[in-house]
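Supplied in structure tokens, the structure appears directly below.
Just so it is clear, A, B, C and D label the chains in written order, and each chain counts residues from 1 on its own.
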Amino acid sequence: MNETQEDRLAGRSDKGRTESFSDGVLSVFITLMVLDLRPPEAEPGGLLAALIKQWPAYLAYLSSYLYIAVIWLNHKAAFKRIRVIDHGLHWANVGMLFATALLPFATAILAGALRRDDPTDVRTAVALYALVGSLLCASWLRLYHYLSQHPELIAQGYEARFFARERRRAAGGIAIYIVAGALGYQVAPLLAMGIFLAVPVFLDLTHEGL
Amino acid sequence: MNETQEDRLAGRSDKGRTESFSDGVLSVFITLMVLDLRPPEAEPGGLLAALIKQWPAYLAYLSSYLYIAVIWLNHKAAFKRIRVIDHGLHWANVGMLFATALLPFATAILAGALRRDDPTDVRTAVALYALVGSLLCASWLRLYHYLSQHPELIAQGYEARFFARERRRAAGGIAIYIVAGALGYQVAPLLAMGIFLAVPVFLDLTHEGL
Amino acid sequence: MNETQEDRLAGRSDKGRTESFSDGVLSVFITLMVLDLRPPEAEPGGLLAALIKQWPAYLAYLSSYLYIAVIWLNHKAAFKRIRVIDHGLHWANVGMLFATALLPFATAILAGALRRDDPTDVRTAVALYALVGSLLCASWLRLYHYLSQHPELIAQGYEARFFARERRRAAGGIAIYIVAGALGYQVAPLLAMGIFLAVPVFLDLTHEGL
Amino acid sequence: MNETQEDRLAGRSDKGRTESFSDGVLSVFITLMVLDLRPPEAEPGGLLAALIKQWPAYLAYLSSYLYIAVIWLNHKAAFKRIRVIDHGLHWANVGMLFATALLPFATAILAGALRRDDPTDVRTAVALYALVGSLLCASWLRLYHYLSQHPELIAQGYEARFFARERRRAAGGIAIYIVAGALGYQVAPLLAMGIFLAVPVFLDLTHEGL
């Protein structure tokens, strides 16, 4: 128990269940990706060709899997610095999990549009993916901002300033997704997709702060 | 371990596994909502229009997601006041999780009826949703009533009176859902839907007691 | 940590992760039942009739839900008496979870056969359900027997004799399911279904031992 | 808390959440197998025949279930020897979970090809399964190798040498899967399947080291 009598009066409580709930949600998300990996419909003898033709689904699976693994890593890095949870932090966390839930949806639409190869749909799907990506960064910005303003929630040995700095990472992510969406919609969808794959790598390398 | 030798003899045991089981069930529920968010069937070039036409599914997803987040918050607020679990509390908790499980079902039926826009079906779906909503409040009433009658289960520093007061919140919820269902069935479905969205907000604002 | 140096040498380890893995598996099972509760296909204006016609699915959902809640309760009652896990206990537990996994499958087949109302299929489905039910009791018999033979795994203050007695409950369950299956196949399926619903109630009332 | 101030500076942290996240992912995988066990389409009166005809799905379900149970057992055996997690170990663990996620996919394809009984597709499916199996062993090799090189992550009373030896088990697995895939593709698919079933048994018997 990390909470004091003062925490109780202020409605703050132990972070244990928030961590286990978030672990549960993120582990279900990461495994639900598997459901999109179904055995392909194939003519007798045509299994190999059908498997190869499914490549956009594999790519979508891999990139969403890695992204959720990175989100979990950032979540763990943030919560180890947290001592107790209050009502506002609960909703900032729930909002972030909600934005994460939209990622598989946007990924499935992008993979489908690429497979059908219709230029209008690919542009729509790239813009939708960029929108979801920037929403996700905005939800992290809100979480980091809330923590930077509430030093009473921070664990001993850590500082609220860490979260003030983290806001820059999240704000940068929003900007990158908007630029990628605009480039993908107006110029070249493949350019946007390259950026989409690069962002999780960046967020991974900087998960303990810039 | 919060349990004493006396608890053992009375068949009372640690709350840890009940919390982790409930966290597991609620985190699977909240993520299974994602399964209703599938890429729409669309003509080539018609992805954007098809995405926009799916709006009732998005609304259903968002409101059920928020409702389950609120249920989890109320669950955490109740269980932090609990010291040990007995047989009756186990079943009150399992009953509440069961009523929660009906929520996605009722939401999917409501979203489907709104999309087809048949007046008879919309009225049926609104009444069904109100029925499930009042069942859910009734399951909380039972949980709170049980705790108010069993002070031996309450953690040190908390009082059974808290749960006696909480019963009013749950009873109020039952009444509101019955009124909303009757209004939606007889007068205007949209009026009922406005009430459906307002109840989780009310339950969130009062999750630490009235 | 409940394990000693002697436990380490014998390959015995803490029960914490076995409990959390089992909680995870059982909470996913209990929520996957929801997937069988889908909005029915209905003609415009025919939603109410279509919902009512789905009653076997509701009954199947309710009874499987209650059964898995009872299994979890028995699991908790057994594991609170356990100090450490060894290799044999791991597989007895995994075997029990596997038998539990067959329950939703058998329930869905039974509900489907009842809905189509073909006498031959109903008898097949009743026999299959009875087979799965007796397998499940057999997996508990194995778990209880293993624990009764390994007092070194039992927690302080509890006795291996408890598990020796528990074997009778499990063996009784096997016999009841065989009788119910034979009655349902040869005489009357509804009689068997009454017994199927009674068994979880019996296992609930006796979950702390006869 | 197992972490020291020095661990904090080096970005190492408690293993608790990594264990609970892995338990969550593996418990969802093992239960998602159930989704492939659907009631068969059957003519009235033909339920029994349809159930029997589904046998490859049952076999696929059973073998994947056992394999994931063995993976969990190996994971537990490895993590009880670990004191703290660092960035590299996180990704080795996430990589192993990813390879595990491919197992149900490969199993479903193998079961489908066996049911359709087309020789070309069976050979493709056997080769795919062998590829996934060797990827999975390679992911364990990476995990064990990483741990053998980082004694600062090992718990007191255990030795990094244990993981150095474990690498042989994983390397042997890669070799076996390559041989099984080649035999299955060139000679006899059933021979490969016998090897596929034998590997989890071997990995179970040796989960505490050779």
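Before moving on, here are some points about what is shown:
Quick note on the criterion: a contact is a pair of C-beta atoms (placed from the backbone, for glycine too) under 8 Å apart; a residue touches a chain by one contact, two chains touch by 3 or more.
Source: prediction; values computed, not measured.
Of all chains, the one whose Cα centroid sits at the greatest distance from that of chain A is C. The two sequence copies chain A and chain D touch through a face in which the numbers common to both fall below half of the numbers used overall.
Between the Cα centres of chain C and chain D there is a gap of 26 Å.
Chain B and chain D have Cα centroids lying 37 Å from one another. Residues of chain B in contact with at least two other chains: 20, 24, 28, 32, 35.
By the touch criterion stated above, chain B contacts chain A in their complex at residues 19-20, 23-24, 26-28, 30-35, 37-39, 42, 44-48, 51, 62, 65, 69, 72-73, 76, 79-80, 157, 207-208.
Chain D contributes residues 5, 8, 11, 13-14, 17, 20-21, 24-25, 28-29, 32, 35, 87, 90-91, 94, 97-98, 101-102, 104-105, 108-109, 112-113, 116, 118, 120-121, 124-125, 128 to its touches with chain A in the complex.
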